[in-house]
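Here is the structure we will look at, set down as structure tokens.
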């Protein structure tokens, strides 16, 4: 899949015993393991119950928190966030967790997902006098939390009321001076899991974070549920009005999550292995080798190879050293347009009939380049197998797909796509195939594959999605 | 005077012709000349009538705006600010101009002064749901400007209404997509002057900025007046309810302003020369030389020398290379406690009866160290002459004096002070003397010298002054 | 294999047509593809035939050359270097290419390998008055090149004479104002290949660099040969006195080189596949899955799986985001000592009999930690298979292995190692097995496996290896 | 005087008791006080008798040594240097002290002055095989110190032999593991003074450094003398062959030195006062005020005013905030060509007949701009008085004056200069006047005023001065 596909964020939270002062290191370790969910900014807020301490910046987890700063982040509970920013390098104000200080209260929030009514809520609150400082949809939670009408309410009641106003996809970590709250929207679009180790409670977008810190995966935060970790332990506010429909993001399995994570209780690698096998059954072809596009195609390629008995081989090599400031030299002609990130091994390619297994196709450009590179190196045949269905519709719940017109499968049928990317054959996994590993296939959102949007999106709100970004201010 | 004395800020604004794209360079040049008013942060916002472009950061003007950034600040009007931050190095969010984006409007504001009802206003607005993002008193202008009750009003009406709610000292530059507005509080505490060059209008805290850019000084913004520069020229909204009392800050002449500036229409160097002469009349003494504490005592020492006919000499040498990261080596014993910034020349000092002329004394420590250094170098007598009256009261209008108990003249009489700083004689300029250069002596604030506060300060608000700073959040 | 294993360097050179001004971009692209050979420093020198332009710094290729600098590196020929520094972060003086300016001549050199007589040569030259500025062994080439005795000689004669004085392992790129020279020591320890594209000649440590830039791999620089690229084309100075023995570094195949490179004309991935198959033949075991330690064990594990018919699976997941400033949180107890770089997937591990395939074992600590992690996650059996023989001896030709006493196989037999790393069985590939993919097995250095050093190392020189580093000067 | 006038360097050294670990802080303080002698780079080397620790960089003393680094500079003796670099910002290799490591010896050197035979020595040593790493003339000391012929000699004998080979102007601080040596050339061009405090010995280019650290000024290092501070105290190696002529740089009094320093035993401020008085006698004129160009004209203007009884006034105000990255906005027309560093006060200028006292004129551009600015502000008459004679010849001993053709007095007579800078009258101090404050006027170099070069400069060497800079290598 192309590198242009974007994920909204990753979350990690923890609530420990008061005598633990260095919870920030554990949050750092957890964030590090879910770095793949957002590589452009990271932040941690911790508290000792009195003060909040925050460090956040543009950049990777390993750069944002030098040891000196990590040591100053004193506190026994806190939340962290990794972010895929959509607005360039100087947007530090949008890096989360966001802090809300108001009338002697202090809150920190970290958000994964996309609120489809953020624009409408902002407009309405602005008309009532509210001022917004970031261009994130997440900030709309602030006026909801500080609404004077609910001033008399307890924190958690205000959180419940606030979340009830939101529409769309969200997993939230919300922190006060007393607790860390974890909440998922009623549809359960985005994952959020609960972990435990030595009576410390953790929340994470992916369970690989629990493996990384040596904690046990207990269960998921349920759709619509709010789970609160505080000095007295873990408390649940169950979903009051359960959603008429659970619609978990199936794309977490296809691309976003790490293979060693359980998402919605199911291991990602295992799902991908099954997808690969089904792909081999649905789209068999005679060939010499099966090779994955690393790393997101690895598991499905293994499944394809096992099912087809065509040997796996490693024809693509991934370069591990692409940094943030990496300059992509301009390539003038098609002959030299070699990908800097993934290079093909001529020894493996030459004279072979090759099945390339990739996780998905968005615009198609990258696939076309890779295929052309394989042909230059002497591939006899190139067969492309995609471990998901054609992506035909944009996502409004947090995946930054382009518009329908830019999606290659949004405007072309499979045979045309095959010609465009110049492969000898092309096979996509069927929708049924994608859902077959699950006992509850009706509980997944498949909108990007079939346009069945579980939460209706009206045109104003869709436009709203794109107009939160200021077009009035340029920070230099 | 000690280096610990702080000034609130300096302002510079400009409105040029649409074809001028590089007004930022002029604003930069103007800010550079008033750098002495705030050395910890600087910012510029410019506009081409469509977009705002902002650059701001911690640091000196010469560091905050590298050429590359200055070139990107495209626009024909804008405002700039130099700031004395009171909250440490990482407080970039408090560096002005502040930006307010709201409901398709965009504003930029820059403020010099101190609002004594900022805390009360913030509390009241927070109770109504407002959220504040900085810990500056200036931000309180935002909810006043966006108040939905006045939404139907024109920009400038809303500015008038907003400013009417403020109490205390302020000179404001306020910028919209159409204009730059300059406003002074009805008491006229802080200076703000109007300049002109080739049909471009300028605003500046000090007129030296006009000399620097080659513009003419036209007049001051009047107390209570709002002056608007836009595409059609310069417009005035005169003070509607003139203050019962004008109370301009006399300390601008004593210390803050550059000698080549006119403040409240009167040249600073000329006032200081008179002060020096009066000081010689009020406190004559036999001596060999008169020497200034550079640079703020230079003009007064010259006046003293002229009046007394005691020769001027340069016994103190100022080191020009003290930068922001300068490390002040710890000095273990009194013998070595030599000031790094101002060093004495033994050749001038030895065996002399010396009159030292300084602009003021705040805590007294620095004076004591200097005197002791002179004695070690062989001064026969040291007579201290201070070109203002004893500072006995704190200021609530923008000077960051310490509390009454920390002011040496707040708790000691002159004879005791003389003993504490170990001089042979000590003379302060009388209050009448300080005011004598002016035709309208009643139009000055002398609260720090006699406790006569022109705008009443109640105890809540005074405390409020100190609690805007968050004690809940530490940014690392 | 542990991350502590170090490689000396990677080289890339190019000589293009005078009208090509941006050869630096091609060198940058080439260096990027061999980044794995040295991750702590990088440098490029280019020339237009008149001036040399150099940029070098501590850090990764993607950080050392921001676009602005790359654009200033104007020239049509040049050389580049990636370095594994052994002396901490502030050693920029040791980052290559080194520049020698002398008597209107200018040279640049880049070196891969280790000169075992560097210490002796330095001592002798120092006694004669020479001054050394770096602590690299490479600098010893400078006085050899500038020796007044050979002043009358042509550049290339002086290079021949100079290289003849060196003992040990070296591949050199040497640049003058007219040419780029590539040289390998007579034993041919280190690789250096020749590439071509559109009449531009290239040199690279690994052929993957040619794939990356779209060039063809022509042949290797031969042991003892000097190849010169200049305006008139490519010229060879064949090895005059061929070494009595070719001894190419077999460890290039085991660990250093990228699988898509040809090293000494043979593809690395293909060799590793064979190694994996032989390993399965030599050390079969009943198990449920074969899993590689990524990435260096990937190819051998695939070979093992193919030969044994035991399914391959991905039980280890590599985290791609470990940066230079990454903080490794201290792990207090064995329970939490989880590797940050490679994490295991419990879903794959639990209840399985596992064959782990790794490229090599040096000290053994990392292997022990990984095995223990697998057992915690529920592995039923863990069998370790190593795709090389036990490393029993240090290397003096460029691999930074520890001393014999620190090498686990330097002091323990295989059964003891098995117990120490707590595996159910342990199998190393035999020396014959390692050499079996090659037609000329006698042409490889196997000193680290059997102590048969092809170039004798006397004890003085060995000590010398460690004393080039200054113990007199600390740069802060 | 123009800001383009350059000084070579400033030196500070110290040798304390072994139990003192933080001598670096004292050296830092000393260097800070002589920062005016070199503002582009700074370095300190200290030693505990075993190791050398060095920190150096481009920039001001207050930036180069952050507290963390200063604390790591552990040692009880050391030397420091401030440098005026002539080759752009990336020339860190030229920042001193330079380190020479050779054959288990380690040396550090810091140099003030210019060696007129550096080029010839470099050529000769290069022919013999020596390699140079910097483009400083100072480095030529290295092969002189390591000459194998003198290997058997003691350190100080080698230093004596090496210095004997040098021609031109030098004050050196040379440090070994046992001592700090201070040496002046036989002509005594450049100052170097000895200080003492609590049995710690100090060396400094100017005695103001002793005032700054609270030490006593003992005496100067004599021309030709070498003074050694070590564990046993202070030792002198008197000048063996005294120079036929002492020729101390008179320009130290005119411009370079701080007024509170004693240079060649005489206080700078006192000399300038006399110069100002003599200037008034030699070139009287009727006027309203005398005003200095700050700061270098301050003392002479005071003398002029005292002698002439024309009142002193401060018409120029110096801006203290010009940093390294300061952008000088381009000024299109003469009207706006206002100096950013020194601004005139219209209140003082308007309608006045003014005597401007400056220290010197080099090219004349700056003077012309200043005069024009005064006229625009309404000056009635402008009379320029220069406190030295016309500068007619370049300096080869360390002042970076331009060539004779660029010196305004090199090609024009005084009346022409008067017209070019557009003043009503112009008076230079006579050569006799300049020398009259001294008992030994024959012991000064006045070459830049009359072309009488005390050390002959042949044309090769003069050219050599300019060709040490590489024109072959550009560091990016």
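Every chain is named by a letter (A, B, C and D) in the order it is written, and numbering of its residues begins at 1.
Definition applied: contacts are C-beta pairs under 8 Å (C-beta built on N, C-alpha and C of every residue); 3 or more make two chains touch, one makes a residue touch a chain.
Owing to the predicted nature of the structure, the values given are computational and were not obtained by experimental measurement.
Student: Spell out the chains that contact subunit B while also contacting subunit D.
Tutor: Neighbours common to subunit B and subunit D are absent.
Student: If you average the CA coordinates per chain, which chain's centre is most distant from that of subunit D?
Tutor: For subunit D, the chain whose C-alpha mean is farthest off is A.
Student: Where the CA atoms of subunit B average out and where those of subunit C average out, how many Å apart are those spots?
Tutor: Once rounded, the distance between the two centres reads 62 Å.
Student: Measure off the straight-line distance from the CA centroid of subunit C to the CA centroid of subunit D, and report it in whole Å.
Tutor: 50
Student: For subunit A versus subunit C, what separation do you get between their C-alpha means, in angstrom?
Tutor: That gives a centre separation of 37 Å.
Student: In subunit A, which residues are in touch with two or more of the other chains?
Tutor: Correct list: empty.
Student: Determine the shape of the graph in which chains are vertices and touching pairs are edges (line, ring, star, complete, other).
Tutor: Looks like a ring, each chain touching just two neighbours.
Student: Touching pairs of chains, all of them, please.
Tutor: Result for touching pairs of chains: A-B, A-C, B-D, C-D.
Student: Flag every residue of subunit D that touches subunit C in the complex, lowest number first.
Tutor: These residues of subunit D touch subunit C: 51-55, 69, 72-73, 99-104, 106, 123, 126-133, 142-143, 146-148, 151, 177, 470-476.
Student: Provide the residue numbers of subunit D that touch subunit B in the complex, in ascending order.
Tutor: 25-26, 28-29, 32-33, 35-36, 39, 60-63, 65-67, 70, 208, 211-214, 258-260, 262, 267, 269-270, 295, 298-299, 302, 306, 311-314, 317, 319-327, 329, 335-336, 338, 340, 343-348, 377
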